[in-house]
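Look for chain A in each of the two complexes below; its partner is chain B in the first and chain C in the second.
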Partner chain A sequence: MNEINASKLWKQRLLRLHVALGMVVSLVMYISVFFGIFAIFLPYLQVWEKPSRHIERTDVAQIDYEKMLHQVLEDPNFPKNNLLITLPGTKGETALSISHRFSAPRFFNPISGETLQDEGAQTQLASFLNKLHYGKVLDFDKELFGVAFSFFGRLLFGFMAVGVMSIVISGVILIIIFSYKNKPKTPQALFSRLHVKIFTWVFPIFLLITLSGAFMNLSLLSSVPMAKLASDGKESRIDAIIGPVLFPKEEALIASSETAVMLPIKTLIAKAQTLNPQINFQQVKLINWNAKNAQIELKGYDVYKPFLNGGVFNKPSLTLSAVDGSLISEQKALDRSWSVFFAEATFFLHFLAGVDIISRTLVALVMVASALAIGFGVMLWLEKQAKKFDERIPFYHWMAKFSLSIMVGAIPATGVLFVLQWLLPFDLADRLLWQKGLFYNAWLATLFWAFYRFNTYQAAKEFLALGGALFIGSVLLHWFTLGFFPLSAILGVDLWLLVLGIVLLWGSRKLPCQPEAVASFWIKKEERA
Partner chain B sequence: MKKFMMWLMVLMMPTLMCAHTLLLHVSDNDDDTLTVKGEFSTGEGASGALVKLQALGSQEIVFQQRLPDSSELIVAIPKVPYEVILDGGPGHQVTRKGIAPKAGFEKTATKSESAAPTKAMSQSVPLALSVCLGLAFVLLGATLFISIYNTNRLLKKLNAAKS
Partner chain C sequence: MNLYRYLATPEPNGKKIGFFRIITAIFGGLVLSYLSLCVLVAFDSPFKNDFAVIALLYNTLMWAAVALWIALAPTKLGALLRFVLPTLIVVSILGWLYE
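== the complex of A and B ==
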């Protein structure tokens, strides 16, 4: 009997732990997942948001690189050696950029060779959405206030990710020990079933991505003591110790005093492609250009070895002589050490380096399912709370309103962000600050509206309708401002936003408003009977 | 053990790791010249980074040159108080106080020399930040008000129903 009681008590405590921890981290997790969905499409969004990038894609083997290179070399303030050419198509970028490690990049139209007026800090929609995903929420200035809050945000999101891992593990145990096979007859039972069913399918991917997220946000904290420990107190910076492993020191090649005629860069790229057809080249480094010992180093991503290369630490490369195109050295994707592969794989799980649109869409769909599952978990808790209240008055709970604002209110607030992208003039002073500030205020306004409405479903309906209208509006404003770009990634983003807007409007139309209609919306009458 | 520690370090690696830390070393050569060396915390040289010697007060750039392939530069010490800046591109600047020549600086920097506005003066709060923060406080106040107002309405309704 005691054993039965102990087992029952353990199950009960595990469930309570799961619920309590879930309610603590669910809203932060939802924010991370919600903006993470946008961050998955970051390469496409950062092209969509910039008018200067509304140019056609081109074949990297057909570009006249020298035309743009000469413009940079003529600039007396730009470094001349070790120039980096980032090829169009890298991370979704349509422009060609020439940069140096210590100089801001210059952007060019790869077809015409003309310099592009980069919008720079005036537009950072995609970057801001990405920062919202990992908690760098208040980096509006570089002074103490902004830095401290952005650090706090990342810390909060990091601990949240650790909490989520505990929730997922306890959730999996609960699924194993409890039976969830009964047909739901109440909204509460349905929310429980949906929460369990969705996470049963998506938890392995969700757990892996959360694990890599926790690793990224929290490892900063542990790096200083670890660095001190490993170096007997000599170093406090972790990069001084592991940097040489991840980024091997490159020996500087002294330029020859004799000059020589360089082969065209497109010829060298074509030659490198012949030598290693598996690499999708992304960046070219020009070493001692125009000297007799000039070299060209081509780095990229081996598409046949995902997870292990192409991200931050492991980029397979070929180095050719720029004079005759002969191969000087080659580093293949699998030439590095296992520690590099580990670091690369962890980052790959989060950055999806080199991943195509179909795979990105699949990951995004998993994240949408996860966001819905988190939402159903919170609704389940709220349904339980609602039973404790008197039925003669509407359920008016701060957590219901707060959750509504965070989870559903985030949709119209993000819609405001997209509309402002095309509504605010690009030469407006502090444009980004206005955009961010109005976005936060729009989000705060949804909190006000959630408390204003007694009926939470009605407020949710209004948020969905407003969000849908704003996303569709942002596309129309985009077309009105810059025109229509057929058959391009830019049109793809437009269509994606249009579909999102239509789905939100449809959801708003379907969602019930009256209390008596709510129960029949979730559970059909015959099922309830 | 060391290998294990290295593995553990990679595991604990921060995102900031992606950008190495830029370091600036300035040393006195005792002949009224100084050696400026730039490198990354990983030991890699910083050739191509821009070295600037900026006068204190007037903010005048008295010397500027990019680091050569050796990542080292020998510069004559200016006669006026100055600071050494290693410019590693947007957002990456390292600054060190300038070493004085053997005979000392000819004149000291005074506040009256300052051509540029002081940091406090130049950092006025942007209009966007003021407006958005003001609006945020209004919205927060309105939310608190409506929450209290609606709660009271519900309590009255509940009391009326009970009585």
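== the complex of A and C ==
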């Protein structure tokens, strides 16, 4: 008897922990997933948002690099040694950039070789969406307020990620010990079924992405005691311990005093490509350029070894002599220490570095499913709360209103962000601040509207319709301001936003409004007993 | 003795988690998971730096798992012991290694 009771208590407690923790963190997790879906398409959005990047794509082996390199080398204020050339096509970027560790990058049109007028801080739509994704939400300034609150946001999102991992583990145990096989007959049962079914399929991906997120927001902050322990108290920065493994130091090469004629960079790239045809080159480093011992280091992503390279830590490279193109050294994708592959594999699904549009879309769809599943989890809880009133009085719960505003209200608020991208003039002072401020105000307005509208479904319908109209509007405004760009990643973003807008409008039309219609919307008549 | 009885008596049902379990799970889980991964880093091995990478990567996952394990103890005393006993073991290993 005691044994049975203990087991019953254990199961009760497991479910209770899953639900309670879920209600605490679900909204923050939803925000992270929602903006994360936009962040998956960050490379394409980054090009879409900037008028200066509306240029055609080029083949990296056909570019006349010297034309641009000369402009940089002639600038007396720009450092000369170890210049980094980021090739067009890297992370979706259409421009070619020449940068240096100690200098702001300069951007060029790879076809004409002209300097681009980079918009800089005037437009950072994609990067703002990315910051919303990991909790750096209030960095309006570099003063104490902005710094303190973006730090707080990162910690909050980090703790949320740990909570989510607990929820995933408990959820997996719940799926194993309980059977969720009944045919759903009430909306509550349907939400439960959808929540369980979706997460049964996607939880490994979801867990891996959450884990790498928690690492980025928390682990590096908490690493001081571990660094002390690992180094017998000598180091307090973990970089000193893991740095040599993750980022091996390169030895500096002293420039020869004799000068020599360099081979054209496109010839060197073509040569490196024949030496290792598997690498997709992304960045080129010029060491001691124009000296007799000049070298060129080409880094990239080995497309045949996903999960093991290309992210942050492992970038296969080739170093060639720039004078005669002979191979000096080579680092292949699998030449690194085993823990580097662990790190790469953990981060691969999160960063999706070097990954093409199809894989990105697949991951984005998985995350859309996860966002819906989180939403169904919250709706399941709300249905249970509503049951307490047994339909005697209409259900009005603050959590319903609050989560409506966070989950559905985020859609029109983001739509405002996209519309403002093309509505605000690009030379407006503090453009980004206006954009962010109006976005937050729009989101807050959805909270008021959610509380004002008694019928939650009606408010949701209105938010979806407004969001759909705004996303479609942002595409039309884009075409109106900058014209139509056939067959490019830019048009891809336009189409993607159009489809999103249409889906939102369709969803708004389909969603029921009257309380009587709600139950029959979720459960078809014939299925109800 | 009263305190012992309070801690050792199982709650009548699992529908309320309670402040004691929450605090023990969150902070106990953090201390235990962090220190046990420190063991990986503290002893001398050829893979010391690699282990540091692994420990940093997975300490949040371990925190999540350990906190859940502690919170699911049959009694409050059980939860406390699930935190205290392994932590004592881990701390003594660390002390022995660090000598």
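Please note the rule applied: the second predicted complex is superposed on the first by the 519 of 529 C-alpha atoms of A that agree within 3 Å, B and C clash if a C-alpha of one lies under 4 Å from a C-alpha of the other, contacts with A are read in each partner's own complex, and residues count from 1 in each chain.
Just so it is clear, a contact is a pair of C-beta atoms (placed from the backbone, for glycine too) under 8 Å apart; a residue touches a chain by one contact, two chains touch by 3 or more.
Treat the numbers as computed from the prediction; the structure is a model and nothing was measured.
Once the two complexes are overlaid on the shared chain, A:L372 sits clear of chain B and of chain C alike.
In the superposition on chain A, contact is made by A:A230 with both chain B and chain C. Once the two complexes are overlaid on the shared chain, A:A465 sits clear of chain B and of chain C alike.
Of the two partner chains, neither chain B nor chain C is touched by A:L84. Of the two partner chains, neither chain B nor chain C is touched by A:I111. Within the superposed three-chain model, A:V363 lies out of touch with both chain B and chain C [touch as defined at top]. Contact with chain C, but none with chain B, is seen for A:L14 once the two complexes are overlaid on the shared chain. Looking at the superposed arrangement, the partner reaching more residues of chain A, out of chain B and chain C, is B. Touch criterion met: A:L246 reaches chain B and chain C at once. Using the contact criterion defined above for the overlaid structures, shared-chain residue A:W434 touches chain B, although it does not reach chain C.
In the superposition on chain A, the residues of chain A contacting both chain B and chain C are 215, 219-220, 222-223, 226, 229-230, 238, 241-242, 244-246, 339, 342-343. Chain contact summary for the complex, chain C toward chain A: residues 10-11, 13-17, 34, 37-38, 41-42, 47-61, 63-65, 67-68, 71-72, 74, 94, 98. The touching residues of chain A, counted against chain C in their complex, run 6, 8-17, 20, 158, 161-163, 165-166, 169-170, 211, 214-215, 218-220, 222-223, 225-226, 229-230, 238, 241-242, 244-246, 337-340, 342-343, 346. Of all residues in chain B, only 2, 5-18, 20-21, 40-50, 66, 69-70, 87-90, 92, 123, 126-129, 131-133, 135-136, 139-140, 142-143, 146-147, 150-151, 154, 157-158, 161 touch chain A in the complex they form. By the touch criterion given at the top, residues 79, 81-82, 100-104, 140, 143, 215-217, 219-220, 222-223, 226-227, 229-230, 237-247, 249-250, 252, 254-255, 312, 339, 342-343, 390, 392-394, 396, 398, 401, 429-430, 433-434, 436-438, 440-441, 444-445, 447-448, 451-452, 454 of chain A touch chain B in their complex.
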